[in-house]
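There are two complexes below, and they share chain A, which is joined by chain B in the first and by chain C in the second.
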Partner chain A sequence: MKISKSSKLLLAVAAMLLGSGMSGSSIAQDKDPIVVGYIGSFASDTGLSTIRGAEIAIDELNAAGGVLDGRMIKFVKADTREDVAEGIKAYEYLVESENVDFIISGSIDDVSLGWLPRMAEYKTPTLDTWTSYVGIIDLVVNEYDKYKMYFMNIACDEALATLYIDFGKDVLAKEMGYTSTVLMYEDTAFGVSIAGLVEGLLAPEAGIKISEKIIYDANTVDFAPLFNKAVSSGADFIYLVSSVRSQVPASQYVKLQVPIPMTGVNVAAFGQDFWNDTGGLGAGTSTLSPVPSVGMALDDRSAEFITNYKARYGSERPIYPHFNGFNAYYGIYTAFAAAERAGGFAPLDDWIREMENEDLKLYKDGELWFRYAFWKRGEIEPRTQREYTHNVKFDITPPFDDGSPAMVVVQWYEDGSSAVIYPPKFATGKFQEPSWVK
Partner chain B sequence: MLIQILLPGLLLSGLYALIAIGFTMIFSVGRVLNLGYGAFIMFGGYIYYQSAQILGLGKVPSFVIATAAGVLLGLIVYVILIRKLKGDAIAIEISTLIFAIVTQAAIIVVFSPSPKSMWPLIPGVLRVGDVIVTYNLVVAAVTSWVVLAALFLFIGKTHIGRAIRAVSMDPKGAVISGIDPDRINLIIWGLSGGLGAMAGIFLATYTQLAPAMWVAPLIIAVAVVIVGGIGSILGGLVAAHVIGMLETITTTLIAAELRGVATMLLIILVLIIAPKGLFGKAEL
Partner chain C sequence: MFAKGTNKGFLGWMIFGIAMLALPLFASSATVRIFVFANYIAIFAISWDVLSGRTGYISFGHPFLIGIGGYTTALLTHHLDMPLYITIPAAVLVTMIAGTLFFLPALRIRGTYFALVTLAFMELMYGLVQVVAPDITGGTRGLTGLPSIVTGAVSNYYLSFGVMFTLGLAMWLLIRTRLGTALGSIGMNEEAVRACGLNTTKLKLFAFTLSAMIAGLGGAMYIHYLGSIAPRGLFDVSFLFTILVACLLGGAGTITGPIMGAFFLTLLLEFLRPYIPGSERYLIYGVATLVLYVLQPRGIHRLIQITVNWFVEGFMRRKST
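For the complex of A and B:
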């Protein structure tokens, strides 16, 4: 049989196509991708931190040949605009329109609480990287079957507060000799919750008296009358709780050269952009921060993550990921490691079992530095004597050799540098009163 | 305690007067509510920030650049929007509000949504007992009083000022007298843009820069106009001081989170008792 030239060409192309179709990489591309959904804000530094941490991890996994027998990971996103109603819609979109296999969240407390019932209804494996609201963990503890697909890889606020009491006792009371404070906090769920913990735990346990309580509207931009009121109370220091526009009280504290020290919780100071955002007027601010924080020494793998982050995003905000950027990066790795052992994200109970067994330990100079594991059902945290099912396996007892610390205290100095000042194992600097404090 | 209220209250009131005056002028002369006025304030703050803090052009040149940019923006808004919608107050109000929202979106694109703190115009603080006020606020208040005095002289003593008054009293009568109301409105919008930008510089250096920062000054301006009396610069000056003091008293003595509520209650009270405001009249 004589084969024409054009038929030969056609056969050659067909053979090439067939050949290429049988190569490993093409097989991976032909398989349905695993879909990971992001839920959270697109505009905030914290939201972007989660997105980028997840993006880097996903790209690394895809570049290494994919997951679950060579399948690629597709990353889709839904914006919550930090609004509860938008958050619920975003969750529905991810599940119903994008058919996600797994959701990684950079949502704030209220937004996570909003979509949580949808998660329970859809039974979608979900990992939160930002909210630390202990009430969500309590839901998992009390209604495990309903909320068992939920994991939180930041230490919950109760664990944060417990370690912060130690800072109050060891540094504020013992080292600095402070005996009284003005509790200044914003009128938000976050502000009221943290202030309640300070009033109920820090003050009595550290022997620090609360001289005055100042509650302010979260939209306040003029803090001069508030600082004047705080100073006139005669307290030794100000305890600020601020999550909304937190750079404003920090910078006005410097502009007004308020003559008493200020510490507390300042969410803006969690990020490396804080110094620029305050125009260099952020000195003196110290804040508790979830880990890994700015100013914190890093293990080799986390340092490599930062190198990749900077190479990829350059000077785009946030120039350094917030803690939840790390949480998202390691969260993707832990979720997929669990999925590999379970054979996928379904059946759900298999993935949950393997996620509960996940234990990613990061060492620095031979010491345990960070740990991404989870409290199991029925497991009791020794210090607080309670359960934290599916919260990250934090350690709130020195020498912190069984998990990451729940938090560290970070301070910004007058030269624009920042350092971890507590607990001592992670400290890279000391608590300092600003130079204008007499 | 008295000094804790009086000193910051007085200085804050001066800043509020500066914020409100440009808004009052447009309403008095053009008979329209410029709901985009807050955008002039925001624009001035951001231009100053870019010039002084990012480009390092110096505080005084940056102040002049930002104020001039505000004048230019006021003129552009008048020529592109207001002149074309002349006579349709509702359309002007809606379009100026949209202008503010668009400006906010543009600011987010250019500068990011994150708020920014600015260096004070004059660094340092004044301490009187336990009370601390920044020199920045002192300068803002003094500038405000100087600007308002200059404005009084300008309107009362100059030819253009008298023409502005004539248009604010009776636009048709002004035309018969040979005054071009369109030209007067153009001047007022430019002036308003410049005053707004200047207020924005002081406000932003005192508080913060943020894409949504146009809303709060607009509320203050509306409150000052309602309480002081529509069309009255003197009324606006008094109202600004009443509101500034009221906010300081509320923050210091009652509860800081009720600061804005006190102003709202005052607006309602004035609307019920004296609908035309404390010094209400029809012209400047």
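For the complex of A and C:
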């Protein structure tokens, strides 16, 4: 049968219409994904921890059939390069170009402060997993309507410091008998603020005198003169505050066999890579760490998260997630649990209400171990007698049966192992002075 | 009154202005936001160009001036709740006074030494903001929740573009006057300018104050656009490099060149973001900058000039044959 040109054309048009109709109906069946945005550094161990924690949670939720009536979650990322203006551009990009429904952040303090006005403008639900600046929580407390979409699931620095003072009193002063310290800190935002807290609280409350203050450049490579100065001050121990290349002072402390103990805040020591980074010279370093930390016993669900993490990322650093990796993992679960009850991330007030009611409790041997809940508006923390609206529901009073402890103190031993040494409920080891300390 | 070729250039400004005014009509909100950043970087680049591009006094401390403007308005609004129509002019005034501080070393030194002294100004300011009265300045973390001049992408776009365009056009016209020629001559041979009977001290003071005024205005408006201010975001070498690279890549001393450079850099980095979200973007940015600079050391401005001339000459040749 011969088909005319016009018939061929008609057939082609019909085929096209049929095709477009079919693809149209298949599109209708595909639901739009829920878009989760990550804002933070791509290069740092802490940034990577948040990314990976979120990735694992998202993949688990997608594998379980999706969220909000079977919708898949799409994960998009924007690098801040730990720069304030880049952070603002990254936030704009996530909201304006990627149309995210929810943002999970691994930003540091000033970067989070930078994009906060954009968050308030766009009204995008946002969860911070790394920054612990209490000033941001104060904004939520004081200007709730403007900042109510912000949640922070790491205990704020004030809570960290309060519990650390207990360590100072119970271990450094009472158990070890220390009465004086040298406060050695880097000239960064982090260094200056933590040093301020130590100076304002540790000294007066734990009865430990600060005999010398040494501020050093974050790029310092030779710590010998600084350690000499610290030792010659006659203080009982060094309180180090270091977040940039923190493995350098830690390894030189061992190499130079500095004859007084050293504790404080060493961000590099938060991660399992610390021992390798110091070339096996990380002994003696003890540091305050948000939870869950290295060396900490884990509940079953968190242990399973670690198994999945190791299976997925192998020997890629960080080989063990920093605390904010856990925060991101559970943060995704809590945010979506709230969204399921609220029917999505919009209307915003519904999601906020459900997020405020979120309460993920993790038990170990029948005891409350970690808790991902949030302080509600108007709720007063009993010890400090103040509000921490939308901060994770930390606990700073033993026996820690109302929430996760605000922090733990971790120590690295001479055999390369690490243990939690404070508070006693979570301790897996004891505070030890290095063998070369007389 | 103006140098030769001003009319042709003016036509270019008009085309640029109309295109930019029409941009929000067809660009997405996300793109408009990118252009807002480009406008502010262009304002800072104009400020640098008026001083360093013309007089040859290379400033590595421009973030100091931008920061003075930013912090002045931030502190006044944050702590004293003063309205922006007072705080922004106050910021400009304070920055102009600070500009005279900048000017002092220029009375005795120039070249590398001057550049290093201005860099020290920036570092000094970085230290001061963190140490002196951190309760007031916000210390290392800075201040957030600063009021906006206008809200929304499009309003901010028109505001930043209006300021950038006005300043850019005014400075472009200025450099085409005898005063502008005298400033440019300082960059070539300051002794010769003095020998001609011109007061180079006054000329330099004028350039420094004018540059400071633009930096102060840009800085004040920029931080109200951002809504926050932090010392690490302003007194930082990477912020300084952004301004310098915009000027050098665009074509220093031309005013239009630094604007082109600012747009090229900002747009390149942001348009690459969806495809290369990590820091690898900066590698491409580095390579592109290097290639362009090697290709035409006088910058994008010159490259465009050559291209336009080539087309015009080709068209004329064809017309005459």
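Some notes on this structure:
Please note the rule applied: the second predicted complex is superposed on the first by the 409 of 438 C-alpha atoms of A that agree within 3 Å, B and C clash if a C-alpha of one lies under 4 Å from a C-alpha of the other, contacts with A are read in each partner's own complex, and residues count from 1 in each chain.
To be clear about the criterion, a contact is a pair of C-beta atoms (placed from the backbone, for glycine too) under 8 Å apart; a residue touches a chain by one contact, two chains touch by 3 or more.
Everything quoted here is computed from the prediction, not taken from an experiment.
Once chain A of one complex is fitted onto chain A of the other, the partner contacts of A:Ile306 are absent, as it touches neither chain B nor chain C. In the superposition on chain A, A:Ala43 makes contact with both chain B and chain C. When the two structures are aligned on the shared chain, A:Phe227 is found in touch with chain B, with no touch to chain C. Looking at the shared chain after the overlay, A:Leu298 reaches neither chain B nor chain C.
On chain A, the patch touched by chain B and the patch touched by chain C overlap at residues 43, 187. Within the complex formed with chain B, the chain A residues making contact are 43-45, 187, 214-217, 219-222, 224-229, 231-232, 245, 247-248, 250-252, 255-259, 273, 276-282, 317. Contact residues of chain A toward chain C in the complex are 42-43, 76-79, 81, 83-85, 88-89, 92-93, 96-97, 109-110, 113-114, 116-118, 120-121, 133, 135, 139, 143, 146, 187-190, 192-193. On the chain B side of its complex with chain A, the touching residues are 1, 4, 8, 12, 53, 108, 112-120, 123-125, 130-134, 136-137, 206-208, 210, 213, 216, 248, 251-252, 255-257, 259-260. Chain contact summary for the complex, chain C toward chain A: residues 28-30, 33-34, 37, 130, 134, 139-146, 148, 151, 153, 226-228, 230, 232-233, 236, 238-239, 270, 273-274, 277-279.
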